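Same chain, two partners: subunit A is paired with subunit B first, then with subunit C.
Showing the complex of A and B:
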């Protein structure tokens, strides 16, 4: 019985790291897919009438995809921190694992929501360029506002992960 | 998928289609065109070209306008998630066809002629189907409450020979069907627009009824329920001079549209100006939809805009035939989309 508890205690830290990494990739990625889906509907709508707008639409519908990349980046850093990527495993304690798992949450949560709202903003901007293609510069800036908060979350996750001593 | 998400594609496509609608510059070119031939040449450079034939004559342009409107309805049916939104626009044409077929049928019974040429393909029920059902008195499968309305119309005709009563029953059925369609969507703003349209129709009717000297009791059956203004309130306008109507309707959204028209003593001028003001009011009710990327009202706004465009083109083309004053024609034109 004691052996079982000891084994659990040894592996729980790593499990928490994996949970955090999974959340950051899963939520931020899902948000990105959702946001791109929303922007895609608008892009498909304008391209049905005017296929030449593909170039403009592509820039705008790619914007919500960045959150998924941020989530992936944070997951890599977290797993690397816990030594889960290399051959020589590093054992993390439960508290270290919990800290790494929690550090993944800012990008998981903010990435999910900002990607969806950025997708909606991108869809609105795609409607804008359908009538005013000359306004592409402004059309990109509007959804980029949502990106700011995803970047804040990414920075905070990275700073937290850097600060954890393993 | 929510209704909002379902309209993402549709609204984007509508936005892209907006660039094909006539803008002020194109209307100006049309107004400046040299006669009807020149105007048709300009129309031939647009989407309306698909309805024009090589031997286009002044009398045939109407079919080109009709063909373009029909093509728009069919195109929208292919991508708009709720067909009821398009049917709201096609209903008046269905009821127009029913009126034409019924009148023809009544005429034929009394030795008169049928007028097939006034039937329009713009309705949602096929003309052949409608003709067969009306001629054979098989109404049971007809939609939009026609299965109940048509026997009542036939009965009214057989008892009174009053064609106005038949038309009144059909108009009542039309607006009732419109409300039913709009309600089925569960979108309060769509229903609100249909109710505003009923208000417009009631005010238009009221002005005509006043001209014919109808009192409140005689006019009441011609006002349709379902609008935002109670028919009793509207009937109270009847004995008042037109210039007082705007003040009496000031508490309703439509009041400003009614106030914007001045009575210069000529009924013809007044009804024409009021009809324009009411059409513009219906358009203005949908103006906010442009700020939404997934509102079903965008479908209504585009289709209403298209109908107004067809109306404007028809007005200009008729004016070319009659050589009307250009400023007068511009005054009659509806606001564009």
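Showing the complex of A and C:
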């Protein structure tokens, strides 16, 4: 019994870090894919009318992709913080691991939802440029409004991670 | 903050020189004509002008048809981007007018229409033949002429049935039972993949109904034979395949004919389109004028700075032209032309993208420019990336004749990237942390001496810097609005709406800073400042209300707006987030490259190098877009909401504007 508790104390911290990293990559990435998928439908639609809009459409449908990158980023920072990358050993306690895992949550949750809504905004913007390609500047700005909150989540995740003393 | 001053003027031109003079004005490119609302006194001339415009429109319609038709076959396509990058031909207006010869173009267009007809005939013929072949293919094994089945003879009629293979035997037996010796049933050979069997039944006409009735019982479908086909299916198929070859060779020969001259035709279309576009703009301006028997009277806007040049031209025709300056009518606003200097100029398109500034109002370009460049630099935030992109774009600018808005865009990116370089130096971010990550780059370590900020390990300081930028910009916005109110003479609004907020916000920030010890001021004094600001707001914000209670309530409630200022301020924390983002993505790429090159023997460093190159290119693309969009958003949403009115009309003078070729000066 004592043996089990000892093993848990040694390894649970790292497992919690991995859980956090997995959530941040998994959810933010899924949200991005979902958002891009929504934007893709609109992009494919306008390209049936005018294939030359591909370039503009690509810029717009790439916008919801950033949340996935933010998620990946936080996961990397979390794992490197816990020493899970590279040759050095794992150095976190259970509580530090739990804290790191929790610090991943803002980007996991906000990344997921903002990417989907940003995808919807991108789709609307894609329809806008199908009629008014000269308005590409405004069309890019609108979906960025949703991304703001993913940026804030990323900021908080990173600040929490830097705040945890390991 | 400069909006060019406009002058309204009226010009009376003798008709003998109207076209010539308008050409000169178009070349000068600074007069925006105002359409007249009243009917022309000389309807005959006006109608002639309108029919000239219609003629040009028809020509442009032909140009559009021709270029759309020929474009897929042209190998060398030059569009707007190629022109902006300077990859286009250069002509004088006279040369262009010779190239755009109407007669030869109309002959060309007629030839293209003919080719288009031949091509579409060949295509539709070929698809008709393909359809027939597909219909006749299953009947290839039938030894009888097909007109048996479409028309029949006086006494006999033939029918074809497609019967599911499982019912085939029963069908044959049943039909034989009904018809006996009076009919002939023939089953076509069953193909390997066929799930149904084809039967030919030839019988006397009076028994036709009995045959159909019997067929229904076995889910047999009647197969129709296309009319006007007399011979056997095999013979018909042979004939059709010959026809199909004919159609495809016709199609190929037409396409070859088109492709041969496609490049020349495409270029001709561009010349004609550009030249007639210029003509059209001029005629539209002419139509905007009022016509009398001999005189054409037009009104227009012109920037005051261009008046001299305009007078020079007009004075050449001194006896036949009269120019009179006019006062703008009531409710008439001149168009807005932005006129900035130095590094502000490139930002003009970004301002116009939000909306054209109101004439007589504020042009925010000069204030937006430094903030935008700085924000872009912080968000992109890497010295390596900044240096690379700035160098690349400078090389493009030096090598190519980049013109128009694209040139301004390049300038924005170059200046922004120089800021990114500067910020990257201050935060010691060179392609992420590559200098510390890769041991062979150790000789660059002295660069670390220039580091004064470390957002990765100490984000709080950088957050403070970001918010400070935000506070400065929001204050700048409020001060601009205050100055505008003073200019308009609305001292109350300046004092209350902006002054109150400036005092209140400054007080709040100062008391926060002094209580944390960052500012050597007594906290009480700072709080007092905030209270004074709050009192100003409470006493003034309800001033439009009638009753005392309404005034008091609106005044107190107005303090709640502090949340919107807080939101705006916090929004600037994205500067830190995006800067951290670029640095961290770079760091992750370097970490991966290191892991691979250390982990794999011999070829590890090659894969590591690949990861480094591809990864950083990707990171640049993503972060460049993010830095641009978010820096712009801060201007549009947080900054402009404080003061900016964009209800102006864009200045679009009559000029020599072309889409594909460049005109010599």
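Basically, the second predicted complex is superposed on the first by the 166 of 166 C-alpha atoms of A that agree within 3 Å, B and C clash if a C-alpha of one lies under 4 Å from a C-alpha of the other, contacts with A are read in each partner's own complex, and residues count from 1 in each chain.
Keep this in mind: a residue touches a chain if its C-beta (ideal position, glycine included) is under 8 Å from a C-beta of that chain, and two chains touch if they have at least 3 such contacts.
The model shown is predicted, which means the values in this text are computed figures rather than measured ones.
After superposition onto subunit A, partners subunit B and subunit C are found to sit side by side with no clash. By the touch criterion stated above, A:158 is placed in contact with subunit C alone, subunit B being left untouched.
In the superposition on chain A, A:120 contacts subunit B only, with no contact to subunit C.
Contact with subunit C, but none with subunit B, is seen for A:59 once the two complexes are overlaid on the shared chain. In the superposed pair of complexes, A:50 makes contact with subunit B only, with no contact to subunit C.
Residue contacts after overlaying the shared chain place A:140 against subunit C, while subunit B stays out of touching range. In the superposed model, A:42 lies in contact with subunit B only, and not with subunit C. Contact with subunit C, but none with subunit B, is seen for A:80 once the two complexes are overlaid on the shared chain.
Comparing subunit B with subunit C, more residues of subunit A are touched by C.
Of the two partner chains, subunit B is the only one touched by A:131; subunit C is not. The gap separating subunit B from subunit C at its narrowest, counted between C-alpha atoms of the superposed chains, is 8 angstrom. Residues of subunit A that lie in the contact sets of both subunit B and subunit C are absent, per the superposition on chain A. Across the interface of their complex, subunit B is touched by residues 38, 41-46, 48-50, 53, 120, 123-124, 126-127, 130-131 of subunit A. Those residues of subunit C whose C-beta lies close enough to touch subunit A in the complex are 350, 353-354, 456-460, 463, 570-571, 573-574, 576-578, 580-581, 584-585, 587-588, 591, 595, 622, 625-626, 629-630, 632-633, 636-637. Those residues of subunit A that touch subunit C in the complex are listed here as 59, 62-63, 65-66, 69-70, 72-73, 76-77, 80, 85-86, 137-138, 140-141, 144-145, 147-148, 151-152, 154-155, 158-159, 162. If you check the complex, the residues on subunit B that touch subunit A are 5, 8-20, 79, 293-294.
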